[in-house]
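The structures come next, written out as structure tokens.
Same chain, two partners: subunit A is paired with subunit B first, then with subunit C.
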Partner chain A sequence: MRIGARELKIEKRPSLSGWHAALISIGALLVALLLFSVLFVLAGVDPLEAYRGIISYAFLNPFGLPLTLNRFIFLLLCTNAFIIPYRAGLWNIGMTGQLYMGALAVFGVLALLGARRNGSVAVSPAILIPILLVVAAAGGAIYAAIAGALKGKYNINEIVVTMIMNFIAFWLVSFMIKEGGPFMGRGGEGESFQLPEALNAPLIAGVPFTLLLALGLALLLNFMFARTTLGFQIKAYGKSPAAARYAGINPVRLPILVFAMGGIMAGLAGYHYFAAVPGVYKITSNYGYYGDLAFYGIICGLIAMGNPIASIPVALLFGGLSIGGRYIQGKLHMSFGVDYALLGVLMITLVGFQYFYNNQIVLKTNRESLNKESLDVGVHSPES
Partner chain B sequence: MTKELLAGRERGATILELRGITKRFPGVVANDQIDFEMRAGEIHAILGENGAGKTTLMKILYGIMQPDEGDIYVRGQRVKFHSPLNAIELGIGMVHQNRKLVNAHTVTENIILGHPNAGRVLNLRRAEQEIDELCRRYGFKIDLRAAVWQLSEGEKQVVEILKALYRGAKILILDEPTSALAPPETKKLLSSVEAMADDELAIIPFITHKLPIVLSTSHRVTVLRGGRVIARFDTSSATEQSLAREMVGREVLFRVERPAVETGKPVLQVDNLSALSSRGFMAVKNVTFTVREGEIFGIAGVSGNGQHELAEVLAGLRKPEAGKVTLDGAEITDAPPLARWQAGLGYIPSERNAVGSIGEFSLVENVAMNYYFDDKYARNGLVDYANIRKLTEEMIVDYDVATPNADVKAKNLSGGNLQKVILARVLTRGPRLVIANLPTQGLDVGATEFVQNKLIEAKKNKAAVLLISEDLDEILAISDWIAPMYEGEFMGILPADEANRERVGALMAGLKSEREAQ
Partner chain C sequence: MWEFIARSLEASTIFTLAALGELLGQRSGILNVGIEGIMLFGATFGFIAAQNSDSYAVGFLVAIAIGALLGSLHGFFSITLGVDQVVSGMGIWILGFGLTTFIGNPYTGPLGMDRIPTVFGVSPFFILSVILVAVMWFVLSKTSLGLRIRSVGENPSVAEVSGINVARTRYMCVVVGGMLMGFAGAVYSLDYNPVWNYNFLMGWGFIALALVFFSLWNPWILLGGSLLFGFLWQLSLNPQLFLPGVFSRYIWRTVPFVITLLVLMVMSTKWFRAKWGSAKPEALGEPYVKG
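Take a look at the complex of A and B:
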């Protein structure tokens, strides 16, 4: 496209800095909001008012903000459950199943300690809550490691395995909590028994402590990828399994390890939603909804380009928009699910904008200045 | 520009001309004002090191890339190629170095694939007759009904050439035509190329390092360096020295010293080793040999005779079927790769992009591939990147790697520079055993000399060196022992002073005794 003596051209981008990636994502967000305002206009709603409502409820309102934060914690854990195997070039689609197994492990331990029968346990919460965290992590890790082992040992596609294992876990939960199941609640209303009140996760300013846990783990993962031997091995395997094997990285152990680590994250997400969110404290009858929500971890992980730090703002945004969207839908009496529609449009634009990860728009003045480019011996792009 | 000096016959007029071809990539001018012309019946070689701009020029000639500036004329007509189809229509054919053939199909099927006259219903018999006629005219011998996967590299190349000819090519681009061929195959190819030139075809071989072939076959040579035409010779007035000087920009000695080093203890002992190929046939059959401190053991052979599988077994990347391998007296037959690295192995793989390096990694991270398990560079589970960066920067200086800094991604380095990084990374560890699998394949004259000297240096430092090469001259130049390999077996193990080109060439072609060779 020409504008006077200048010309707009699309060129290949030689490299992408984290800073550029963030700018591209913000651009995508703005475009998504612009596109979605068309839907608001068609529904007879003033888009500015709608967005003001969404944002103020999600991030400023004393009722909305805790909801956003609880959802954020859940999404952040699910995102990192996806990111760890993703950095090793493997796809964990099984956060759903893994978080169910984490939750089942927690309620299993409680059932063994008599919580279902007595409504309380004899062990001090200061000891038992850390144990429950470990148990949730282990439940997710062991379940996920099965997929990793099948991948590493027999090269069975991990996407298919984790996907199938989601269904197994879903029906297992159903069996455990529905009528006659070992974790059935007292009323038998298709829910698990209630977490003993003493074991409700401690709150910090009204938010479960799992917030610090999820943020801390994201920072820890970032450190792991940047500095540790294990992080190096994961990255090497992710970029080139053949080269990693040449360099002595164990091609069977590594997939097991990254899936187990991802499973830890998902298992903790299960603990968070069913044992730490105020007002829940049980495996609810609509547990499938949270399982579906876990899939947003994949989207968030891809948008964050596998970076655990970048996953923090992304998960916060998705958590906030889904809470705010649902609120505004009720408030303005809209006829469609604003939360999922908004996330859907955002997802599509973010994916579309990934084009700019590899390409950039440049403004050129004239051809003369180009000829002065130096010849850089040794380093050369598409050549040879 | 020099005058046409073709002996004897009056040759055709100019059929292809490039004027002022320029192509830029971010940060690099790959082709800078290149002028070039071809006459019918001429073999005009284009010579240049890696990164000189050959690949770009080739892609422009064949319509894969479009030049930023400059014009192409075919038979005096200015033309613009939007895709290779345009180039093919104008009679330009390309023989790729990385063969682009369908392995499961027969030779004939591959040749007619995509041909406009093939139609919806194949007339294989008619096609076969036509192809047969081409074979007879230019002296190609090939079974048209064989499946491509059964063919040798040389035969696959013949299929590529026939494919271009069958589509009516009058101008034939050959990309590194002899790089994967054994000496006898090379000889056959060159006589066919001459027959085609006699038949008024114009032939443009692009060549990196086989200078003798340029001298013996071509009529003219154009030398590229840094994207420009540096020199143009009539081949009759060129020498190997003068070509190399223009290519590299300095004098190149075609002689590497082979110092006698006192050999010591055996380092690698291989006893009756057998291994399967990935396709499931026995690729290595009962191989037994020993490599000692301070010697280079060269395995000569045409690709596909089991050398690659042997190297992989020794590096721990392939399971042996039978036999025993020891390194410094300790058995490592079933040891995983990491244990071998720690025991003193240094493996330089032939696939430098796919296995030897990680393109998306920086040079620092690529160097870390051999140091992340080393106590000096990784402690308490943490990689000491600062220390590895220092090491990488030293390697860049010591091995003269052309790169702006240590943070450049490996994929942005040229083949020769990448190989230097891999070599530096492996040799700096001071390995007891160096396995170098095709270490100079695809490298230019300067880089080849460098790599060979480094292997000799490793030998002087008391390492045992196992060199696997398809380049017979390289094997003869630097090895102390030479084992020609054919169909998975060693055809003998000769000391360097008993080996010569003819003898080793015959053995690697599968002729067991010397009587057979004559």
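Take a look at the complex of A and C:
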């Protein structure tokens, strides 16, 4: 596009700085929110009022803020569950199944200790809560490692595998908590038995301790990618699995490892939602909703461009958007699923903006063409 | 028993149509992991259109049109903009999953129209799907158009040099592929199970995606795989017909997915590859930049 002597041009981007990446992500977010306004208008709602409602409920309201923080913890863990394999060039969209497995592992240990029968356990919470964290992480890790092994050993598409494993885990949870399943609660309402009260996760200023855990893990991951050999190996494999092989990286072990690490994060997210969020403390009958929420982790991970530190503000924002979206849906009498629709619009906008990771728009004062024109005037070409 | 077989064939029709659309795109080198999203869109918009117009024809046409639109969106991202095909497909899936939940919610419930008549107890779409498999096989392996499609999927730069417009061929394949996926979604929501509920597909699209890998990119093997999975899906819904009392019904629901994983594993072993070779289009998933 030409504007006088200047020209608006799209060029290949030689490299992408952190600042540019952040600008692209913010641009994508703004465009997505603008596009989403269309849905508000179609539903007869003033978009500005809607966004004001979302933000003020999610971040300023004494009832909304704790919900946002709990969702933030969950999303941050899911985001990092996506990011670790993503840095190795692999797609983990199985956070859903992995977090179910984490939750099943927690309630499995409790059932073994008699929590379902007695409503309490004989083990001290100071010992048992750390054990529950470990089994949740292990549940997620083992389940995810299967996908990593199938990728590493047989080169089976990890997207298909993780997604299919989500469905397997979904039905397994139903089996465990419904219709006389081993974890069914006493009421038989299709929920699991209640977590014994002594084991409710300790709160710090009303927020579960998992907040510190999630933040600490994000920092740890950042350190791993920036400073350790393993982090370097993961990035090298992500750039080129074939080249990584020459650098002595085991092409079977690495996918297993990154998926297992991702699974740890997702398993902890399962612990968080079903054993640490105040007022829940069981596998609820609508557990599928929390599983669906895990897909926000993909979007957060892509917007954060695989950076665990950047994923902190992104997950906080999206936690707030999804909580606030749910709230205004009720307040403004909108159809169910505002938060789902937002998820979809954000994702597709982000895909479009991927283009700018490799290309940039530049405004050029085109001296070259100016000079050329003046030359053309002076020199007669052979045809004339 | 006959009813069970008829239902299985109907289920397999949905797998066949969706997977056939994916197969066409993949043969031209474009991977679309967003099948389930396009199916959800086709199913939801087809359902709404049919209910409002009281006409099945309108419902199916809308579903096919929305499928074409999403196919071209995937084409725009992955062919024109050169975005990673997996990212684009994931985007379409999540868009479908998110937006149809919101848009379709007021329509939750049964369609409330007379059922589509069957032909000797079998859904007419099953017959149509078999015809489409034959057409796809013929076009891909016996016509010059098919040769063009396969060559842009195998080696786009060579195809370009020999005078084939790679971008246009690929666009055509993803758009027609999208139409088939949208149609498959509408067969689900208008014929197979005419009740709208949020995220009702629960994995049909992903099994269809796996079926394309199983098929070694051959439409006839694809049909065989779809028949098998249509039967498995129906069995997982009605296990009491064959094995009453064995396992909980929830465990049965995992069976099609577990078998999908097992087949993927067997197919990826060295033994299988040595025996059958790999028919995977060489340039699948690679963005092509005209040089």
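For the reader, a short list of remarks on this structure follows.
Definition applied: the second predicted complex is superposed on the first by the 362 of 384 C-alpha atoms of A that agree within 3 Å, B and C clash if a C-alpha of one lies under 4 Å from a C-alpha of the other, contacts with A are read in each partner's own complex, and residues count from 1 in each chain.
The criterion applied here is as follows: contacts are C-beta pairs under 8 Å (C-beta built on N, C-alpha and C of every residue); 3 or more make two chains touch, one makes a residue touch a chain.
The shown structure was predicted, so the numbers you read here are calculated from the model rather than taken from an experiment.
Number of subunit A residues touched is higher for C, counting subunit B against subunit C. By the touch criterion defined above, A:Glu11 lies against subunit B but remains apart from subunit C after alignment on the C-alpha atoms of chain A.
Applying the stated contact rule after C-alpha superposition, one finds that A:His333 touches neither subunit B nor subunit C. After overlaying the two complexes on the shared chain, residue contacts for A:Tyr246 are found with subunit B alone; subunit C is out of touch. Contacts of A:Arg117 after superposition on the shared chain: neither subunit B nor subunit C is touched.
By the touch criterion defined above, A:Leu342 lies against subunit C but remains apart from subunit B after alignment on the C-alpha atoms of chain A. In the superposition on chain A, contact is made by A:Phe232 with subunit B only, not with subunit C. Of the residues of subunit A, not a single one touches subunit B in one of the two structures and subunit C in the other. The part of subunit A that touches subunit C in the complex is made up of residues 39, 91, 93, 150, 154-157, 159-161, 163-165, 167-168, 170-172, 174-175, 178-179, 181, 292, 295, 298-299, 302, 335-338, 340-345, 347-348, 350-352, 354-355, 358.
Subunit C contributes residues 33, 73, 77, 81-84, 86-88, 90-92, 94-99, 101-103, 105-106, 198-199, 202-203, 206-207, 209-210, 213, 248-251, 253-254, 257-258, 260-261, 264-265, 268-269 to its touches with subunit A in the complex.
Residues of subunit B that touch subunit A in their complex: 24-30, 32, 50-51, 53-56, 226-227, 315, 317, 336-338, 340-341, 347, 349, 351, 354-361, 365, 368-370, 372-373, 378, 381-383, 385, 401-404, 408-409, 412-415, 417. The touching residues of subunit A, when paired with subunit B in their complex, are 11-12, 14-15, 227-233, 235-236, 239-240, 242-250, 370, 373-384.
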